[in-house]
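One structure is given here, and the rest of the page talks about it.
A, B and C label the chains in the order they appear, each numbered from 1.
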């Protein structure tokens, strides 16, 4: 009797140990946890649902680049939207490059080689870092570029997000390239709060994203990166080769999305979700209809 | 949306994450027992080692779990995959209860029984396998029970480093500020912990020598 | 080993001393022998060294100096496992395995020695009769037995593989007076039938006088002298006389 119980328990433990994740006709779409990512993820998901017979499982709100990469490696997600610049520096740990095409090619080649991930053509927009100041300040001081603004840095408080502070293509490089000297160390906060902090004068300069929906709405000015410090961050769908092999129809469906979203489009989409608080699914459906993606 | 609605509408994902959770806990417990029980037995044979080994296991337990996950990120091979980090961390946390209970269980066997066995000509191995382990089994299972329940809870934090499992719902729910999603992770995890506690508790009772 | 070639002295202590790691000496220069077939009682109070002496025989302890010879060979030369399987061992707490049935408990050494199931079962039945227990008890667990029954099982277990030597450490000490007397009588009968070479530890003079063919009196880790029961009752030696006096007072007091 005792022996039977012990073998049953051991058996159960071993079975659960053997159960790695595995699904049949389901494609899992992942995304990070800010609105732009949710929108892109939803776009991918709806596209697959509309153009193939595959079921889609959404695994959004993953907390960052590392987590998405882990999920892809483990096969827990099959596709997610990444940025070429982020892939280059944060995942491949290469030094940043300026030319968008070179970056794309390099990422595509290495992702294929190292991880067996396919990097499909970009959605069309470049969500790079935007150094923002209040529109009023820009007009008053006649500031257009980061170099021009650098003069005022000692009088300003800066605000940045966590990832920006840590990334090799982030804070350190920016300060070095433009010789920025802020009076106090920068305030570090959640990406979503930066724009409002800037508008309400808690900070005077922030690194936001160029596709931020609130830029036009809060009257923020984006300073031109005249020294071309920030690498390109074109959004691309990254798919596991295994998933493509299992479901060849995926490739065609995702290719249709190439080049469909301009910088302006992305800002508008972001604003609809972030500013107007509309549901991501609705906003994406509306966009697809408008652009005849159905 | 209520919790129930969420659970029924996302059945597949709930099941998927639960399996991932069970997998993490299952693998780490198998490893922890495979290491912990022999080490516990070893401690009963070498009294000198008791303090340092139990002391070390104790220290590991006091490291905050999230910190331990973080430490292991840059480690070669282990740090390359979140599941490996998670399982290593879970194994480390499970070691103390397993080792300690194995040690206590075996040293707690009636001295007269062990003396009689040895006096009649049982080898060390025969004593261990036929007398000490069977009589200590209930206490050992109690240690495994505690370790399993701890693991189920800790595995929810593993989602923070991308290892999946029910914790992913919790973190997602926090980011979305959506209680139903948070509970969709927390409630199944709690149920798993309770089931493990109950099931192993039953086993423990059945194996208790009168 | 046939009966002819068995040595006269089943056990012999030659200048044996036993010291603990941190210095205390429990036995001083012990010289003692146990004849084949006799029941030698080791009599003394707590701390006299009687249990230590016993454990030196089945090598649960090893002498710090001197030699303990069992069947002519030093205890340290014997393979300890083989030695112990040839010596029956019964202790006061009995130490029955709580997770084994009575049958499995008694059949422990036979099982270790690889006896066939049938042979072991027969032997168990034989022994249950020998120690006055109902065959039905074979399938019970120790917790279901009374103290007296458990001790009988302990004796049966010690005798199971028919060892040439039997060691007993105050086996009846934990029982109530009635049961103790009963078991002593029965054991005496058993001994008269089997003539097993036995070394029996006790602090109870009455038990010593009843069971022993010889009594070795120990005090403070030294052997004072050995006596037959009759010699003991009339001994001049002060300690022995003191024991006898205490014995008589007890009897008188009843």
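Observations, loosely collected:
In the analysis below, contacts are C-beta pairs under 8 Å (C-beta built on N, C-alpha and C of every residue); 3 or more make two chains touch, one makes a residue touch a chain.
What you see is a predicted model; the values in this text were computed from it and never measured.
Taken together, the touching pairs link the chains end to end in a line with two free ends. With centres computed from CA atoms alone, B is the chain lying nearest the middle of all the protein shown. If each chain is reduced to the centroid of its CA atoms, chain A and chain C end up 83 Å from each other.
Once the centre of each chain is set as its mean CA position, chain B and chain C turn out to be 47 Å apart.
Separating the centre of chain A from that of chain B, both taken as means of CA atoms, is a distance of 36 Å.
Touching two or more other chains at once are residues 134 of chain B. For chain C, residues touching at least two other chains: there are none.
Chain contact summary for the complex, chain B toward chain C: residues 110, 112-123, 126, 131, 134-135, 209-210. The touching residues of chain C, when paired with chain B in their complex, are 58, 60, 81-89, 91, 93-99, 108-109, 112, 141, 143, 154, 157-158, 167.
Residue ranges of chain A in contact with chain B, taken from their complex: 2, 5, 9, 12-17, 19-21, 23, 26, 33, 57, 59-63, 66-71, 73-74, 76. Of all the residues in chain B, the ones that touch chain A in their complex are 12-13, 16, 19-20, 22-23, 25-27, 29-30, 81-83, 134, 137, 160-164, 168, 171-172, 175-176, 203, 206-207.
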